[in-house]
């Protein structure tokens, strides 16, 4: 298609260049600033080599936040996947009022995470919130949700699960609804039980969607910081800090710009590497090789 | 064989999850009608029975004494969301169309790599971008302004638009493009007259995702706009940081998420019509 | 395998619709054990509804479905013991060919050795025995269809194999060989087969008996030969055969039949009361002749279609179009004025679109 | 205003899709391109339309380089094998689409759309969306859109392939009438079906593996197939081709000797040949070569019996519908006077006498 060579760039370039320009400056800036000693008392783009990186290697708070993030993201996404898939299956076909349930189950992902985190903060309030009230009704002791590290993590995960399970639910339900019906008829004809039909038909057919949904959620979860800021402010101590939040404290609140830049890049690279590996592993685990 | 207990189990599970999902909204709703006394008295849920409902919280968010005005932030949020979504959809669908229809080759870079470049931008943590953005906008005089916020929001939304639209365009037979060209349309007309009108489902899905992520963005607004421009999430979170007037916070939160709850109704319709299946493939 | 009986079965998708609008008007049918049947008709004729009623996917609005005399009307698909090959190949994509074939037997909790023997026997027949360890999803569409068929055949006791347009998505080049393969296999295993298609060629090439359907009714049931030689209605005459059967309205003034004022001698007799009669003659039997004689009418050549080994001549006889299919070697008539011979024994009588008598 | 193709070549992944294709397409003629699936027919049409780039060769229209003309200025309409219409437009809008692009007046558009829709029998369907139509109707819409513009070139890529056979039969007849008054349009129609190619074409081009093997009138191609490949492509079922020897006026085929030999081979030198015999010229008889029935097909009004004699497969065409059991042993009668003789490379050397006569007669 001879006349088309000029046109194809006309279609692609506006979007590509826009994104490129928006992204490239911050990236170059961050690389440069990470090699400088820029901080609140010395806001200059000098050159100090890899000193920031060297400091970072000994910053256990940073590494702890990375580990925490990986566990948090992995754990919540797994829970989201299981619950989301389960709920999608329940309201997939014959269910009374399924359209009502579908709407309801979608709502949380539509709402602003930081705003809802503020509401959750009131829910987890030790004396005035309903979380402990509910425990009390069940005859359990009150829990200092946001002031002790264990419960604070549980609270954070609860909020994440509440907020983002609907996203899994949405993708998985859309996937289920797009499945052809013949494989299920074939399974019925072959005499497969409900359980066997799920494992041998539904699950394999849903594998591509599952992988996509999990990866998308992992990408989004790797950026976790807003809800932390509102819900626990990383506390108590630094026990619920994620890299995103720690970077905020270092780079923005305390204006350790150079150091923050070094951590930013490290964080970014680590996340890209981890997610690429996870994506490859998931793809293999779901035997997607050779599938379209 | 399915036991007769299965339906009981099924609806119990659905009901439990529904309670968990709806709980925070119920709590916010009930709290928004309380006053200081009702809140200090410990968790109560049923108005008139357990506490006397007042409209204090709701009055506060519309400029009442000791409260805030949510109208301006609401308008700001709406403008930023709509403008950024529109730009992202326009640039995104053009790029997606090119990536779906034409073959690009630049050294080792192929179409799939370009798609990956777009989509991979979602991995950028806002905190990495925000400092450079700050200086960039400051240099351009766009700090604390709506255009500035729109530009950075486009960076958030463009990958989403490209991701949804590439898949969607791939599902439209190429023969439609070919036919339009044979019928006398140069490429751009082909796109506008033959492909876009058939892409409404894809565009709505993309618009929905853009709207959600655009509306819900907090971090950029938080660090890049201050006094002149405040978005709704910013306004609500600002309430949270002071001594919590829970009633006002709850009312503001509900007000802030209400448009998106309406969006859920619409998403469900897309879902039931099967329009979303393209997006997950 | 079993005998399938359809007793007074009818179905309406919209409840309470008048019978004229039912997707399937009440009918009685018997599918004999071990025979192959084809349900054929244009889309919307009710063939798929009938198939779904047999498979248990649709519960008929009225009537009973009997498998070997047992009423299965209320039973779900799972309990009916049928096999089905769908339009789009259905395989379990996470499994190998072997596992696919073994799946129905595992569901029935057969022991391993018995499964193995059966799977190997069927795989041999399907020519899949050397690919048993391959993942099934890597196979071509036609091999996947064979696996679908195989999953039915591994079950010794399967009541019937239902096939729903199984060649739709098969590459044209492979259609022929797959059809051949399916036919060979069904001849070997002799299950009761009900094959749904909209393609007459396919139906006639595959099945021992055809059931032609139209507007929710079974129009005619018979062997391909019967449908060709004695279509029970003008519709079947049109639907089966290429080009379609010729139908000529004949005059009858208290005497023998006449066409354009000339007597038409026929091999049958019909009661006086019948008014308008049409005579049906297959284009294959219409002859262009040079000498006048009985049942030979003057005609005018309107057009010639060259189909290769045959030509189709379009002739006008007594103001009505007639097509004649002639071998190429006979050439094209030199003059526009021709003589058309309608063989006495091949002319069938139709009134109100129905065959009114069999010769 | 001829459309001339010279030495068009296209190779993709080592497979020739077009190999030195040279042809001239003339206005007012219907050219049918016949070939099996993957013969390169679609590629040729797409190259003519400008939708497919070629490796080499030239394409000229009225002396001008057509390869440099972008698709949207080629004055070409195309009907696809799949029923392609604009899903968002109704039937009227679909047919009007190219007319609007051409900048015609509203009245003119309306007039042409109505006329075009009437000619394909869809006058009452203006307001329907393509998705509400049957396959046959969708293809008629595509047809109406292609015809309404009155383009200089009309390409039809197996337009009937996805329809069932009654509809195919009907549309084939309709097409014949539609194309008869196309004025100066160059019509190129691809098909896999010999009957369609023969019946519709003024000129038949036989394609195989990217090459054009023969070009001629339907009669020439059918009666004087240049090679065994052409003979098998232009006959349905494919012509029976088998090796044999000619010795002293006697034909020996697959171990059986013909009882008498037709005069048309009498003066042919002795030696090894490939013979061709149409399925209609083989019959089941009480005596003759014995073979086993491997498959029976019924097509419209004919029965095709596939028989294997030794290693050589034969197809026998019998008029009418007959029940022949698989595995039966049958005897075949081959008509020696209908043998086509090809040399060992497959080039035609002698046709049956009746065929010769009829070609020379026209």
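Going in written order, the chains are labelled A, B, C and D, and every chain counts its residues from 1.
Everything that follows uses one rule, which is that a residue touches a chain if its C-beta (ideal position, glycine included) is under 8 Å from a C-beta of that chain, and two chains touch if they have at least 3 such contacts.
Keep in mind it's a predicted model, so treat the numbers as computed, not measured.
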Minimal step count in the chain contact network, chain B to chain C: 2
Pair of chains joined by more contacts [C-beta pairs], A-B or C-D: A-B
Centre-to-centre distance between chain D and chain C (centres being mean Cα positions), rounded to whole Å: 27
Mean-CA-position distance for chain B and chain A (Å): 15
Whole-Å gap between the CA centroids of chain A and chain D: 58
Rounded Å distance between chain B and chain D, as computed from the means of their C-alpha atoms: 56
Sites on chain C at which at least two other chains make contact: none
Residues within chain B bordering two or more other chains: 186
Multi-partner residues of chain D (each touching 2 or more other chains): 51, 70-72
Contact footprint of chain C on chain D as seen in their complex: 36-37, 134, 161, 164-166, 169, 173, 176, 192, 194-195, 198-199, 218-219, 222, 234-236, 278-280, 295-301, 317, 319-323, 326, 354, 358
For the chain D and chain B complex, residues of the former touching the latter: 49, 51, 70-74, 76-78, 80, 82, 84, 86-89, 97-98, 101-102, 145, 149
Chain B residues touching chain A - in the complex, by the definition given at the top: 1-2, 10-11, 13-14, 17-18, 20-25, 27-28, 31, 39-40, 42-43, 45, 91-92, 94-99, 101-102, 104, 114, 117-118, 120-133, 135-136, 151-152, 154-155, 158-159, 162, 186-188, 191, 212, 215-216, 218-219, 223, 232-233, 236-237, 239-240, 244, 246, 249-250, 252-253, 256-257, 260-261, 263-265, 267-268, 271-272, 274, 276-277, 279-281
Sites on chain B touched by chain D in the complex: 173, 175-176, 178-186, 189, 193-194, 197-198
Chain C residues touching chain D - in the complex, by the definition given at the top: 42-43, 171-173, 176, 180, 183-184, 187, 198-201, 204-205, 223-225, 227-229, 238-239, 241-244, 282-284, 305-310, 325, 327-329, 331
